[in-house]
Structure formats: C-alpha cells, structure tokens
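Take a look at the structures listed below.
First chain A sits with chain B, and in the next complex the same chain sits with chain C.
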Partner chain A sequence: MRTLKFLLRKEFRQIFRNKSLLPVIFVMPIIQLLIMPLAADYEVKNINISIVDHDHSPYSQKLISKIIASGYFRLSDYSNSFNQAFEQIEKDNSDLVLEIPKDFERNLIRENTQQLYIAVNAINGTKANLGGAYLNRLIQDYNADIRTEWIQPQRYNASPTIQIASSNWFNTYLNYSFFMVPGILAFLVTMVGAYMCSLNIVKEKEVGTIEQINVTPIKKHHFILGKLIPFWVIGMFVFSVGLFGVGRLVYGIVPIGSMGSLYAFLSLYLIALLGLGLLISTYSDTQQQAMSIAFFFMMIFLLMSGLFTSIDSMPEWAKVIAQLNPVTYFIEVMRMVVLKGSGFSDIKYHFLIICGFAIFFNGWAILNYKKTS
Partner chain B sequence: MAEIVIKAEKLTKRFGDFIAANEITFDVYAGEIFGFLGANGAGKTTAMRMLCGLSTPSSGKAIIAGFDIYKQTESIKKNIGYMSQKFSLYEDLTVIENITFFGGIYGLSDKEIKEKSEILIQQLGLQGVTKKLVGSLPLGWKQKLSFSVAVLHEPKIVFLDEPTGGVDPVTRRQFWDLIYEASDKGITIFVTTHYMDEAEYCNRISMMVDGVVKALDTPSNLKQEFAAGTMDEVFFELARGAKRKGD
Partner chain C sequence: MKQFLTFVRKEFYHVFRDSKTMLMLFGLPIAQITLFGFALTNEIKDSKIVICDYAKDEASQQITYKLAASNNFSIEESLLSHQQIEEAFKAGKIKLAVVFPVNFTYDLLHLNTAQVQLIADAADPNTGSTLTTYATSIIRDYQQDVLQSKSLPLSITTEIRMLYNPELKGVTNFVPGVMALVLMLVCVLMTSVSIVKEKEMGTMEVLLVSPFNPFLVILSKAVPYFALSLINLSVILLLSVFLLDMPINGSVVLLFAESSLLIVTSLALGLLISNSTASQQTAMLLSLMGLLVPTMLFTGFMFPLENMPMPLQVIANLVPAKWYYIIVKSIMIKGLGFSSIWKETLILVGMTTFLLVVSFKKFKIRLG
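== the complex of A and B ==
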C-alpha cells in the first residue's frame, strides 16, 4: 500500500506538471462537447434544388412555392431546360432536380393524373436520400391539397385514407443534441482513458525511467494500479464535468435515470478501457507507435459504436464488430439512462459484458507486461 | 577470501542467431570495485542487464547477493542498485521528489527518507536546488544525484552502466569520490566505463571482447601480463582482435 501511495503521488504530480497534456485531458473534451453536438445533426436542411419548369402554370407555381416554403429547400436554379439544371448538379450547386413537364396543369385537371421527375445527386448520400424523401412528402401533401380543393366540401372523400399521428418518446422535440451529447461524452471519456493511459506508460519506456522502475522490487500490480488509478479518477472527473457542466448547463439535458447505476457502469467501463490502454502500451516502445495503434482502435470504436449510425441498420458482419466494441455498450447505457430513465435492471447485461471486457483487456495486459525481458 | 556477491557461470544471452554474451564466467567479491570493460557492442550492457534481473539469460547460472538469477529476481532487486546508461530519474520531478519517490518504493520509512535525503543533499551540495526539476540540472549533477539515489537504500551491490559518459573531468573525479565512499560502506561496485583512467581506480577489471570475457585481473597484473605501460594499451591489445563493429 505504501508503495502505491508513492506511485500515485508521483503520477499525479507528473500529470499536473505536464503543460501540454493537461489541456488535452481537461479542456479539449469540453470544447469538443460544446462544438460537436451542434454540428453532428441528422436533420438535413439547405438542400439545393433546381427546378425545371416546362409548364409555367399557376399549379406549377403553387408547387414550387410550397417546396420553397417548407424551409428545407433552397432554390438554386429555375429554368426550363433540363440540361441547364443538370449542369448545376455537375457543378455541385444543386442536390436535386425537379422536372415539371409541359402541360402539367392541363393534364392534371383533364386526366386527373400527372407525373413529376426527380433527379438526385447521390454523391452526398444522406442529403440525397432525405432530400428525395422530403420532396416526395411535399408532393404528396400538395396532391392532397389539390384534391380537397377539387372535391366539393359537402361530398365525402370516396377513397379512405389513414392518418398517422406520431409522438416522439424520450426526446419529444427530436432534439439531436439530446441524442448526441451523451454519446459524444461517452466517446470522449474513452479517449481520455485509453489514449492518455497508454501514452503515459510508453513515455516511461521511451525516456528510460521504466528500466529504473523495473530494477526496483516494485510489484507488477502496484505499478499497474499506480498507472490506472490516476486516469480512472481523471475519467470520472471529465465525465462529471461533461454531464453536469456542459450537458446540463449548455444543452439542458437532465439525466432522468439512476445516477448510481450510470456511475457504477462508468467505473467498470473505465477499468476496461484503461486495460486496453495498458495493453497497447505493452506492445509499443515509442509514443508514436502507441498513438498509431490507439488511433486505429479509436477510429473503429467511433465509427462502429452507433454514435453516428444506427447499429440496427448495419449489415450482419458489421453488427458483430459493433458488438465487440466496448464503446457501443457505453453509448447505449448513456442514452438509456440519461434519456430513457433506465435503471440497473435494464442495463444488467451491459454490466456483464463490460465486466468481461475489463477482465479480458486487463488480464491480457498484465500477462504481457514484463519486468524482465 | 571475501564473500562472493556475484557469481556468474557460463552466462549466455542469445538474440536469435546473435550471441550477445557468450558463456561469461566470473566472481565478484564483497566490497570490491569491479570494472567491467569492453568496446561498444562487446556485450557489457547485456551482461549487466542479466545480472540486474532486467533480462533473462538464455543459459548459464548466476547468483547475485545470494539469490538465483532465474527464480529470485525480485529478491535480487531488493539488494541491488542500478544506474543505467540513459539518465533515468524523473526529469519532471524535483530533486527532493525523486529522492522521496525512490526511497519510498524501496520501502524506506518516512523518517529514513528524510534523514537520508538531508545527508545526500548536503553531500552533493544540492541545497539550493532541491525544489528544482531534475531536468533543469546540468548533466554532471544529474549523474551524481542518480548515483546517490541508486545507493539510497544501501544495497549490497550497485551496478553502474557508463555512469560518467559525457561528464567533465572534475565532475568525474567527484563522481569517483562518491563511488569510493559507497565502497567504504561495504557496497560492492560493478561499473562499466570507457575511460581507462577510471579503470585504474578499480580493484579488479574484466575485459569483454565479442561477448566473451577475455581477461580478468587487477589493473597492475594486466599491465604486466600484456607488457603495457597503461590500461589504454591493454585495452587496444585486447580489443584489436574484435570481429564485431562498435555501434
């Protein structure tokens, strides 16, 4: 115990004396938490649309003004030549082309049916997809509008329609920051844990001080605990600042679930991630190597965690990767507890899985950490 | 005959096909200053790392301070001090913090640490800089501090790997004063060096060439044996046959 006391004292002194690392640990996560959720928004706005109007009728005008008035679209070009509109797509000024055929209004009235043509620039997949969907919806709306206009009020609509009324649970206003902040926070804690911890140990290797430690009778587990505990404490601290400071004060997110289970999960999760950091450090001799390996894992962790894309819509093989990713579980737990109000019984499997990760990473790292080469 | 504190018998370390240390055999007696000489790449550091328990030998036997080099490395570590070629105190800790830290992990009590660090600081004349970061000290001071920290827990043996590399002659002299002082307290000194004047200060020296101990005797006997006036000539005579290129 006494050895551990000396190790911890040394570690904390070094961390707080490191003028370049300290801001990375404490300031960067907060800045990222302030910036990233604002930009990481699934809602697509400012879709540039080119409209080719061969009709120039009151009906086509009405459709166009309806589209622009929706707020999602920006008219980038209005012409009567499809080639000109396509040129706009080629120049990347437009995401969508809507072509209104000649005699749109006449055929609509006379034949009761008309076709519109939508061309989508699919380079930006999300924007194209959602833009196309929005536009479809608007045209349907428009369709409904003209139907009611035509059908006499006293007569009932002959074709039955189903109206859908939906309400959004757990995040009533579909506020994306509610969805993103807990996830991003989970990822930032991961970064601080695994990254900083592995760099710290490898630095000792690089400078050569680990040799001096290895010739002392210091116990392996003391040394490891001396490295893990400081970053565990820092991880807890960064998380709390992120959740209560930034999350609550800036985004107004009040966690509604059990804080006890959230923190219990976090402490276990940090042990698992620090184990990974430790493992990385046992396989690298320089900080550069450690950084590259850690970066590789972080990228996969970030992209395969369900932070940005839903895991449920991934292909089967990708789901397997996501399930092997500890960050996935933490982000899930965060969203469940913070937004949905889940308690311990809802996340008990997550606990078990993270426990497994912790044992796996730490066990491997301890086996691989050798005082004697 | 004095007690044997280091007994190496056919100690060998292989890295793949390369034999860094080939069946080295020697004894070191308690309280002696044992010089471990050899050209760059001769295998000195490898041998020393094995003796300190930092590296497991490929074959051979060794007993350090009464403990087996394979099974009792942790007991060995309690009884030795080590100062590596690379400066290895914490540069981002102050002088006093380094002393306290290493004292602490060797299991000294707070009282012992306090007493010993006071003596040590006095002895090295570091009174004015105890609260300065070690990284800001000149190399000579760092090396002296490093040595003093290595013997803080009064080990039986202290291993010094080129402790005076890059240090000015005056500081080197002071450094050797520290070594003698430690030796007077009964600490056995095992030292590698490239300075032949330092070799003269040793009680006995061994010469390693291409991973093998080529000669082992007192400096005066060696000079006689090779009919040389200085240790420099002895070194040249022995190292001339080396096949390995220095690093």
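== the complex of A and C ==
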C-alpha cells in the first residue's frame, strides 16, 4: 500500500510537471467540445438554388418567392439557360437547379398539368435526397394553393384522408447538439485516456527509466496500478468538467437519467480503456509505434462507434465490428442516460459487456507485461 | 548527390524497419476506404420501429405491411398499450412508434378522416425527422391507393435528376475526404515525429556536425514520405475504382499533380511543427489534435461546411485539405479540367510557399 502511495505521488508529479502536456489533457478536450458540436451539424439547411425561369409569369414568380421564403433554400442566381445554371453547380455555387419551362402558367391552366425540372448535385447523397424532397414538398404545397384558387372547396371532405400527427420525444426542438455533445464527450474522454496511458508507459521504456523500476522490489501490480489510477482520476475529472461545465452551461443539456449509474458505468469503462492503453504499450517499444497503433485503433473505434453514422444502417459484418468496439457501448449509454433518462435496468447488458472488456484487456496486458526481457 | 541518396536510403530503412508504424502507414488507408465504402452511410436503413395498433383492422394492417416492406424500417414488435412505448424507447433500440387508434378503418371510410400518430425518438434529431418523413410518405401512398388515384385538376409534376451520383452513394463524398485525410496524416505526423525523434535521441547533433548540408538532411527526411504518400494515393485510387466502383472522370495526371502539391504542403507543415517542438509527445499531440481533427471537421466531407457558424467557416479556409477536397471532387467526380480549379491550386501554392519560408526561417543548424 505504501509502495503504491509513492508510485502515485511520482506519477502525479510527472504529469503536473509537464507544462506542454497539461494543456493537451485539460484544455484541448474542452475546446474541442466547444467547437465540434458547432461543426458537426448534419441538418440540411441553406441549400443553394439556381432558378431558370423561362416563363416569367405571375405564377412562376409566386412559386419562386414561395421557395425562397421557405427558409430552406438560398437563391444563388437566376440563370437564362440550364447550361448556365449547370456551370454554377460545377463551381459549387449552387446545389440544385429548378427549371420552369416556357408557358408554365398557360399549360397548367389550359391542359391541367405541367412538369417542372429539377437537377440536384448528388455528390453528397443525403443532402441531395433531402433537398430534392423539400423542394418537391414546397411545389406540392404551391400546387394545393393554386387549386384552392381555382376550385370551390367542398363543405366536407369528399375523399378519405389520413391525418398524421407526429411528435418528437426526448428532444422536442430537434436540437442537434443535444445528440452530439454526449457522444463527442464520450469520445474525447476515450482519446485522452487511451493515448496518455499508452504513451506514458512507452516513454519510460524509450527513455530507459523502466529498467530502474524493474530492478526495484516494486510488484508488477503495484506498477500497473500506479500507472492506471492517475489516468483514471484524470478521465473522471475531464468527463465531469465536460458534462457539467460545458454540457450544462454552454449547451444547456441537463442529464435526466441517474448520475449514479452513469458514473458507475464510466468508472468501469475507464478501467477497460486504460487496460487497452496498457496493452498497446506492452506491444510497442517506441512512442512512435505506440502512437501509430493507438491512432489506428482509435480511428476505427471512432468511425465504427455510431457517433457520426447510425449503426443500424451498417451491413451485418460491420455491425459485428461495432459490437466489438467498447466506445460504441459508452456512447450508447451516454445518450440513453443523458437524453432519455434510461435507468440501470435498461443498461445492465452494457455493464456486463464493459466488465468483460475490462477483464479481457487488463488480463491480457498483465500477462504480456514482463519485468525482465 | 551520392551523399543525398545515401541519406534517403537511411530514411527508407528507418521507415520499413518498423512494422508497427507500417501498419498505420498502409493499414489505415485501406481500413478507412473499406469502412467508408461499405460500413458507413448517412442513409437510414432498417431502423427498428414498433407498432401500437388499437384498431387491428384492414387499413391498419395494410399500412403495417407497407411499412414492413420498406427497407427503411424493420418492425420489432407490436405493443399493446401506450405505456410500453416509453419503455421501448428507454431500452434503446426503437426509433419510431406508429399508433393506430380504435376504429381506424371505420373512421377512414365513413367519416372520411382518420388519425395516425407517429412518435419519433428525437434524441437523434436527424434520424427522428427523417423516419417521420419516410413513414408519412408511405402512409400518403396508401391514401392514394384508397383514393384509387383519382386524377386531380391543375397538377404540377416534377422530374428530378440526380447529377454525378444517381444512386446516391455515400462513397462519392467520402473518398476525396479520405484521400485528403490520409495524405495529411502520413506527411505531417510522420515527418514531424521522425525529425523530432532525432532531436530527442541526440542523433540530430551528429548529423548537423557532419559535412553534409543541413538542409539536405531535412530534405532527405521528406523524400521517403513523399514516395510513400504517392503509393498510398495509388492504393486508395485503385481500391476506390475496383472495389467501390467509383469512376475517375477527369485526368489522372492532373489528379496526381494536385496531390503532389498537397503532399508538399503537408511536408512543409510537418517541417514547421518539428522545428518548433522539442519532444515527440508534443509534436504528436500537436499534429493529431491541432491538425487531424480540424482536417476531419473542416474539409466538409463529414459535415457540411455551409452549416457552420461564420467564424468556423473562416477558420476552415486556413485548412489546406479543404481546398484539396474541392480540387479532388472537381477532377474525380465532375471531370473538370485545370481551368476550373486554378484558384484553389493557387491558394495551395500560396500556403505551401508561406509554410516553407517560415519553417526555413525557423530552422536552426545549431542546437540549444
């Protein structure tokens, strides 16, 4: 116990002495948490539209002003021909072209039907799809307006209509940062924990000070505990600052679930994560190697964690990878507890799985760590 | 010249000797292309939904079948009451609940109006609102069927064409982004770390006191990473053409020329970082946190740039990868020539010159 106390004192001193590392541990995550949710906004808005109006009639004008007034679209230009508008798409000045053919108004009224042409820049498939759908909906609305202008409305519903009432639970105002902040915080804690832990041990290897520790009577588990506990504390601290400082004060996110189960999960998760860092460090001899391995896994963990894209949409083999990724579970738990108020019974399987990860990573790392080479 | 080649060979040895670093150099691009190509998509497929059907009659059954048939949804279970919906949401997996009231068909056919309730788990606002839109359009389709498509007067129809990417695949957007990311990663991170490592180990001193020109020492460090980046680039392009069926519509030569430009920019950045830091840890964290995260955020391949607040859009202009991303998209996907990307190229050239000048100014041939 006394040995451990001395080791811990040494580690904390080394961490707090390093003036270039401290801001990276404490300030970087906070800055990223402030910037990333602002940047990570998938909501499709501000779609730039080029309009080619061959008709120049009151009806086409009305349609155009309806589209611009909707707020989804930003008029980039009026072009005289489709080719001119297409150039705007090539230059990335506009995302969408609406072409109103000649005699739009006349044909609509005389022949009862008229077609409009829409061309969408589909390099970003999601945006194209939604942009097209929004525009279509606006045109249908406009169409309904025109119909009521020309046709006497009937007293009662002549045709069967289904009314759809939709409601959004847990995030009524569809605030995207509510969704992103807990996930990003989970990932930042993961980054700081895994990197710092693996680099710290490898540095002792590279500089040679680990030899000095190895020749002392310090036990293997003392050394490992001495390395893990400081980063566990730092992880807890960064998380709390992120959740209560940034999340609560800046984004106004009030966790509605039980803090007890969230912190219980976090402490288990950090043990698993630091085990992973330890494991990486036992396999590498230089900091460059440790960084390469850690970065490789972190990148895959990040992409496969469901932070940015939904896991449900992945093919089966990718779902398996996502399930082997500890970050997935932490992000899920964060979102469930913070946003939906899920209780312990809802996340008990997550607890079991993360326990498994903790035992697996730490067990493997301890087996692989040798005092003598 | 012979001396220079010897130095370049030394650097190659350093790189190839370390199998774990090679994993990152070559494994990462391949893993990223595979994941982005096959696993990651912004589309919403197979979302789990629950049906709470109080009516259990013809119309509600038919709508349920229609929802089940769509590949956006997979129906998890049928619930008996409203209370169960909240439990299902809290347990995690369910994204949308559809509620049919009693007498649904009867109301629809006799009163000509009936209500359906859609409850979305808007903890993820995008998925929530997209699923609501999908379900709404499926129910509208059903309504059209009931109406037996009586043609309405004065109808405006629309014809939508999807340019460049008619199947709306996600990869078209991702591949140019991954290219930018990998080139930045390999060049900036690896160069800076490998130079700082020599400083930290003390071997830099040995090199500097040798009769060899110190600038060539640095240059010989950059050559292997330049070569490796070109190999990486070819691998990415081959994978995306043959594995992901992504065509290269423009000129391959131009693509390589522009990529070489970005590689030089990144090498200059790596040089600058290594000249300003003394320890590997700092160099790494600076490159990782200070460069990679901005590269991912501000190129615009993961998140639309135009949604960001103004200050961030201004910052994004300082990220070289943003301009490269525009260039690659124009060449690969739109098939445009040099005349339409000269502005972006000029910006990259300007950045490179600036970085090179600053880092050579900061480069000291004396230590300490």
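In this section, the second predicted complex is superposed on the first by the 362 of 373 C-alpha atoms of A that agree within 3 Å, B and C clash if a C-alpha of one lies under 4 Å from a C-alpha of the other, contacts with A are read in each partner's own complex, and residues count from 1 in each chain.
Everything that follows uses one rule, which is that a residue touches a chain if its C-beta (ideal position, glycine included) is under 8 Å from a C-beta of that chain, and two chains touch if they have at least 3 such contacts.
Just so it is clear, the model here is predicted, and its values are computed rather than measured.
K.L.:
Quick check on the superposed pair: does A:Thr216 touch chain B, chain C, both, or neither? Answer first, second, both or neither.
P.N.:
In the superposition, A:Thr216 touches chain B alone.
K.L.:
Mind working out whether A:Lys10 is in touch with chain B, chain C, both or neither, as first, second, both or neither?
P.N.:
first
K.L.:
Going by the contact rule set out at the top, does A:Met299 touch chain B (first), chain C (second), both, or neither?
P.N.:
second
K.L.:
After the superposition on A, what does A:Gly208 contact: first (chain B), second (chain C), both or neither?
P.N.:
The first partner, chain B, only.
K.L.:
After lining up the shared chain so the two structures overlap, which partner does A:Thr113 touch, if you call chain B first and chain C second: first, second, both or neither?
P.N.:
Only chain C is touched by A:Thr113; chain B is not.
K.L.:
Can you tell me whether chain B or chain C touches more residues on chain A?
P.N.:
After superposition, C is the partner touching more of chain A.
K.L.:
Quick one: which bits of chain A touch chain B in the complex? Just the residue numbers, please.
P.N.:
For this pair, the touching residues of chain A are 2-3, 5-7, 9-10, 13-14, 17-18, 207-209, 211-218, 371-373.
K.L.:
Given the complex with chain A, which residues does chain B contribute to the contact?
P.N.:
Contacts found on chain B: 52-56, 73-75, 77-78, 80-82, 84, 86-93, 97, 100-102, 104-107.
K.L.:
Can you list the chain C residues touching chain A in their complex?
P.N.:
18, 20-21, 23-25, 27-28, 31-32, 35-36, 38-48, 86, 89-92, 95, 108-109, 112-130, 132-133, 136, 139-140, 142-143, 146-147, 150, 152-170, 172-173, 193-194, 197, 279-282, 284-285, 288-289, 293, 297-298, 302-304, 306-309, 312, 326, 329-330, 333-334, 336, 340
K.L.:
Would you pull the chain A residues touching chain C in the complex into a rising list?
P.N.:
Interface residues on chain A, with respect to chain C: 20-21, 24, 28, 32, 35-36, 38-46, 48, 89-92, 108-109, 112-130, 132-133, 135-136, 139-140, 142-143, 146-147, 150-151, 156-172, 174-176, 178-179, 195, 199, 203, 283-284, 286-289, 291-293, 295-296, 299-300, 303-304, 308-310, 312-315, 317-318, 321, 332, 335-336, 339-343, 346.
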